[in-house]
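Read through the structures below before going on.
Both complexes below contain chain A, partnered by chain B and then by chain C.
On to the complex of A and B.
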C-alpha cells in the first residue's frame, strides 16, 4: 500500500494538518444533525481525507465497508429514456459518486440518485429514521443545469439526506448551492505542515531524514501534501540512505511536456505543430487533464522565453484555456495555443535576428 | 366541348386524339372546357387508372355548373382552377404526357430502333426460327431511373400492335395483414415465391390469353418491370436460377427492365448483385440494351412540347435549368416542370377571379424571378462523398486572379484579409451536398489541414487552428442545448460547420503546393476511446490498490500523481491490465511511429 493511503488519518482525532477544522467538524456531528457541507480547496490539501474521517465519525466503522457498483440508470426524461452508466461507491449509510463523469447528462443522475436515497432511509438503532449521506465529487465540474436541479433536490429531500460536496474551486459552484451549505475551505498545507507530516511518516517507517531534505520535498510539491508524500516514497525507493541533495524525481508526464516545450522552441512550422499534436494526444490518452497540460506547457515555455514575450503568451494561454472550458474537444484549443505561440515566437525571432 | 365527356378506353394506337382535342379548347372560356374527364389514351390500358370515378366527379361538377351558374366564376377560380389549364389536377404530367409515339420518345433514336427491331424480329419471325438454339427471347433493358425504359417498351408495343403483359411486383404484406391472412388459413408466400411461380407458369404455358380478352391474334410482349428485391445470397441465387431458366426456355418475347443504381458504389451489395445478374443472364443468351441518361436537348424538347400543350409560358432559361438539373432523368424533369408551372398560375387565376384588375403578368414575372433565384429547387440533389468535399476544402483551389471587378461602393477589406474567389461552389452548398455532419467534418478538417498548410506559414496554421476552435465551441454549445431546442441546435451545428470550413479556407492563405495527400481518419476518435478506457481502468486499479480505502480519487489526480509514482515504486503487478505500457516506453514508441507515418505520407504522393 502506498504511504499516502497507509498514513491517511482514519478519524478526525488523528488529523495532523487541519486540526482546527477537524475539531470543529467533530463538534458539528456530535449533535447528530449536520447541515449540507461544501468542502473546497486546492488539490492535495486533505478534503477527501476529512470527508472520510467525518463519515466515520458519524457512522462508525461501518462507513468504511464500501462496495463499488457500476450501475446503469434508466431515466425517463419525457419523450425518451436515457441510459447512463456510472460507478458509485456505497456503504449502508452513504453513497459517493462523481456525477460529472457522465458529462452533460449529469443532472439526471443527481436527481435520480437523491430521490432513490430518499426512498429507502436507514433506521438507526434507536428506531429513529436516520439520514443518508451523499458525497458528490467534483461539483465544480457539474453543468449549470445539474447544479440547479441539485439545489431543488437539496431543498426537497433535506429531511432524508445530507449532501457533502467536494470541489476545488467554489467559484464554479452556483451561489444558490453555496448558500445552502456550510462552506469549509481547506487550505493547502504550508511547507512547515508538510515537513511535519513527512517527519511523522519517516518516524513511523523508521527512516533517517537528513536535515533540509523534507523541506526540499515540501517545496517541490507546491504545497500539495499528497504529492509530497508520494515523492517522498519515490525517493525512498530510488535511494534509501537519503542524502540532503538527493534529486527528487519529477513526474514523467511533466518531463514529457517539457520535451514538447523544447520541440516548440526549436522549430515553428505546421509540420512541427502536427508532431506536437501527436505528443499531446499521448498525454490525453493517459488521462492527463487538458487544463493541466496547457498550464504545465505554459510554465515550461515561460521558463525559456524572452521576458518581453511573456505577457503576450500568458494572455493567449488564458484565452485558449477559457475557450477550452467552453468547448468540447480540448485538443483543438491546446493546438491553437501552440500555433499562436509558434507564430508569435517566429515573428519575434525574425524581428530579433533577421 | 362542355358536354359530358365519354371515357374513351381506346386501344393504344390512337395517339392523335389527344393533341387535337387539346388544341381546340380555348383559354378564354374555361368553364366550357371541363377536361377533368379526359383520360390519357396511352394510359387507358392500365387498369389502375381510376377512370370511371373521374367521370362521375366531373359530371357532378358539370351539373353543378348548370345549376349554379353564378358560382361558376368562383368555382372556376378556386376549385377547378386547374381546369382552366386543361389538366386534371390529380393527374401527374408524367403520366399524362407519356410518349405515345416513337417521335415523342426522348430516348435516343438508335436505341429505340434497336429495341424495336429486336421485338419485331422476335414477333414476326416464323415459328421454326424461334425454336433455334441460342436465340433467346429475353431482352434486358438497363439504365438509370427515368431514362424511359418502360416508356420505350410501351410505345414500341403500341406501335407494332402487340399487347403488353406486365409483371409488377406485388405490394408487400404488412404484418397485420399477415396475421389476418394466417388466421384465415392462408399461407404466406414470399414475393419471391410469387415471382417464381409466375415465371414458371410463363415458361410452361406461355401467357394464356384468357385474361387478355381472347385477343389471341395479336402478339404478346411480357415485361418484367422491377425484379423482386432479394435479401441475402440464397434468395438472390434463387432469383438468378429462375431468371436463367426463363431466359433459356421462354418463347414469349420478354423485356426485363433493370434499373441501375447510378454510378453504383462498389460497396453496395444489391447493386453488385444486380450487375452480376445481368451478366449471367447475358451469358445465358439474353440480349441487352443499355440506356444512357437522356440528353439535355431531348429533355428540353420534351419539356417545351409539354409546355405548349399545357399552354403555360415557361421561359426557355427555366426549361434549360430544369433540364440541366434533372441529370438525365426525364420523369424528374417533367415533375419539376409541373411543380414550376403550378405556383405562379394559381396566383394568376386567383387574382383574376377576385376581379381585381391586377397585373397578372407582372405578378407572374415576379414569381418567376423569385423562383429563378432558388432554381436549385428543381434539381436532383447532387451528392458528393465526404472525402470529395473534404478534398475541396483542404486543397482550397482558388482563381489565380481576382476576376470580379470591385465596384466602388463595395465593402473593401484590407489587403491582408482579402482572398481570391473560390474555384468551387460556396462551402455551405458543398457541405449540404456531402450531407456532412458538423462534428465529423470538423474533426476531419482538424486532422488533415496541417498537411495542406505551407511549411513557412505559421500564422496561417494559427488562424486555421483558431477557427477550428471556434467551431468546436459552437458545437459544444449546440450539444448542451440539444435537449430542449433542437431547432437552435441545428442552426448552431450548421453555423459550426460553416465556421470550420470557411475558417480552413480563409486561414490557409498559403496552401502548400498541390500534391496528393491521403486523408486520414481523425486520430482524435481513437484517442478519446482509449482515453476513456484508460480512465475506467485507472479507477478500477486504484480502487484495488488502495485496499478499498473507501473513497474515490479523481481521475486527474490518479493520472498525474499516483500513476507516475506507482511506476517508480514498482507497485505494478504483472497481471495488471495495462494497454498502453509505461509512458516512457510509449514515448519512444510514439516517436518512432511518427517518423514512420511521416515517411509513409511522403510515399503517398500521387496525383489527386
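On to the complex of A and C.
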C-alpha cells in the first residue's frame, strides 16, 4: 500500500494538517444535521480526505465499505433515449461520483441520480428516516445547465439527501449553488505542515530523516501534500538511509517540459517548432492535461527570461489558454503559444544584440 | 445507522416576514399595499431592485394576506426561474390559470378575498423576450380576474409594453441600521452572541443584501457555534482578507514581476476564489487616491477581460497573473498593449 493511502487520516480526530477545519466539521455533524457542503481548494490539499473522514464521522465505519459499480442509465429525454455509463463508488449511506465524466450530458446524470437516491431513502433499525449523502467531484467542470438543474434538485430533495460538492476553483461554480451550500475553503498546507507530516510518517515507518531533507521535499512539492508524500516514498525506495544532500527525483513530465523550454530558448525556427510539436504531442498522449502543460511551460520560460519580456509572455499564455478552453484541439493553441514566444524572443534578441 | 433527520429550515425562510407591514425599509410599497388590503383592489405590479431587499417576501406576504391559507392554493400561481417558463408555458399554463373565473368578493375567515387571482412571476428578467411578448395580450384580456406580480432585478430586461402595464416599485438596498436590527432580532431568537465588530463586518460583506447576511450568519452559527466573531463570518462568506488583496496590490505597485508572481502563486495555493479576488482588487483600485484616472481605466479594462475569460472557464492562475502584470504595467507606466504585429 502506498504511504499516501496508508497514512491518510481515517477520522476527523486524526487529521493533522487542517485541525481547525476538522474540529469545526466535527461540531457541525454532532448536531445530527448537516447542510449541503462545498469544499474548494487546490489539489493535494486534503479535500477528499476530509470528506471521507466526515462521512465516517456521520455514518460510522460502514462508510468505508464501498463498492465500485459501473452503472448504465437509460434516460428518456422526450423524443429519444440517451444511454449513459458512469462509475460510482457507493456504500449503504453514500454515493460518490464525478458527473463531469460524461461530458455535455452531465445534466441528465445530475437529475436522474439524485432523483433515484431520493426515492430510496435509508431507514435505520429504529425505523427512523435518515438521509443519504451524495458526493459530487469536480463540480467546477459541470456545464452551466447541469449546475442550474443541480440547484433545483438541491432544494427539491433537501429532506432526504445531502450533497457534498468538491471542486478546485469556486469561481466556476455558479453563485446560486454557492449560496445554497456551506462553503469550506481548504488551503494548501504550508511547507512547515508538510514537514510535520513527513516526519510523522518517518517516525511511524522507523526511518531516520536527516535535518533539512524533509524541508527540501516540502519545497519541491509546491505545497501539494500528496506529491510530497509520493516523492518521499520514491526517495525511500531509491536510497536508504537518507543522506541530507540526496537528489529528489522530479516528475518525469516536468523534466520533459523543462527540456522543451530549453529547446525553445536555444533556437527559434520553424524546424524547432516542428520538433517541439512532437514533444508536446508526446505529453498529451500520456494524458497530461493541456492546461498543465501550458502552465508548466510558462513557469519554465519565466525562470529564464528578462523582466521586461515576462509581462508579454504571461499575457500571451493567458490569452492562448483562454482560447484553448473555447476551442477543441489543445495542440493548436499550445503550438501557437510556442510560436508566439519564439517570435517575441527572436525580436528581442535582434533588438538587443543586433 | 443513519442519523435522525431534523427539519433544518433555512433561517431565510424561517424569518421571512409574514405580513406586509413587517417588511423593512420599503415604505412606499408597504403604504400602497396596505391600502390594497383595505380596498381589496390592486393594479398589476412590478417590483424591482437588488437581491435580498424583500421583493419576493412582499409579493408572497400580500398574496397570503389577501386570500388566507385556504384559498391561497387556488388563487395564486407562483413561477420562478427554476420552473420552465418558455413561451409554451406562457401560452398554456399561465393562460389557463388566468382565464379561470372566480367568485365574487366575499370575506372568508377575516381575509378580504378579492375577486381576482394573482400570478407571481419571480425572476422575470430571466424570461425570454418571446415569452414576455406572449404575456402582453393575456394581461389585458384577463385583467378582470387576474393580477400579475412581476419580480426582477433589472427593470431594463423587462420589455417596455409589459412595464407600462404595471405599477412600478423600486426596492432600495437596506441601510445598515435596519440590517443590524433584523440581524440582532434573529440572534436574539436563536441565542447567538454577536459583538458589534462582527455585526458591522456582516453588514459590510453583505452589501445591503439581507438574505446573504442571514445565510452567512446561519453558516457561521452551524460551523462555529453560538458565539461568532467577525473572522468566522469572513471565512464563511468566502471574502478574501484585506491584507491578501493589499499584498497583491503592493506587489503590483513595486514593479517587480517575480514578487507579483509569488503573490499570485500564494493566492492560488490558499484556495481563494479568483473571481472574488478580481472584484475586491477592483474595489481597491477604484478607491485608490494616488492613481490617475487613465491608469485606473487600464486596470479596469484588464479586470473585465479576465472576468469574462474566467466565466469561459479559463485557468485561474494564468488569468490572475495576467491581471497582476497588466496592473503593474499600468501603475509603473510601462508600455501597454501587446498586438500581433511584433
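Everything below uses one rule, namely that the second predicted complex is superposed on the first by the 354 of 354 C-alpha atoms of A that agree within 3 Å, B and C clash if a C-alpha of one lies under 4 Å from a C-alpha of the other, contacts with A are read in each partner's own complex, and residues count from 1 in each chain.
Quick note on the criterion: a residue touches a chain if its C-beta (ideal position, glycine included) is under 8 Å from a C-beta of that chain, and two chains touch if they have at least 3 such contacts.
Model, not experiment: these values are computed from the prediction.
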item: Touched partner set for A:137, first chain B, second chain C, both or neither; value: first
item: Which of chain B and chain C A:37 touches, first, second, both or neither; value: neither
item: Partner chain in contact with A:343 - chain B first, chain C second, else both or neither; value: both
item: Partner chain(s) touched by A:238 [first = chain B, second = chain C, both, neither]; value: first
item: Which of chain B and chain C A:278 touches, first, second, both or neither; value: first
item: Partner chain(s) touched by A:289 [first = chain B, second = chain C, both, neither]; value: first
item: Touching partner for A:326 - first (chain B), second (chain C), both, neither; value: both
item: Contact residues common to both interfaces of chain A (with chain B and with chain C); value: 326, 343
item: In the complex, chain A residues that touch chain C; value: 24, 27-29, 31-33, 35, 40-42, 45, 58-60, 93, 122-125, 128-132, 148, 151-152, 155, 159-160, 169-172, 178-179, 182-183, 185-188, 222-223, 291, 294-295, 298, 302, 307-308, 310-312, 314-319, 321-322, 325-326, 343-344, 347
item: Contacting residues of chain A [partner chain B, same complex]; value: 1-2, 4-5, 8, 43-44, 48, 51-52, 63-66, 68, 77, 87, 89, 91, 96-98, 104, 137-138, 143, 224, 226-227, 230-231, 233-234, 237-238, 249, 251-253, 256, 268-271, 273-275, 277-279, 281-282, 284-289, 292, 320, 323, 326-329, 331-333, 335-336, 338-340, 342-343, 346
item: Residues on chain C engaged by chain A in the complex (per definition of touch); value: 1-8, 82, 212, 215, 219, 222-225, 235-238, 256-258, 261, 268-276, 306, 309-310, 312-319, 321-322, 325-326, 328-329, 334, 338, 342
item: Of all residues in chain B, those that touch chain A in their complex; value: 443, 446, 450-451, 453-462, 464-466, 468-469, 472-473, 475-477, 479-480, 483, 523-524, 527, 530-531, 534-535, 538-539, 543, 545-571, 580, 583-584, 586-587, 590, 593-594
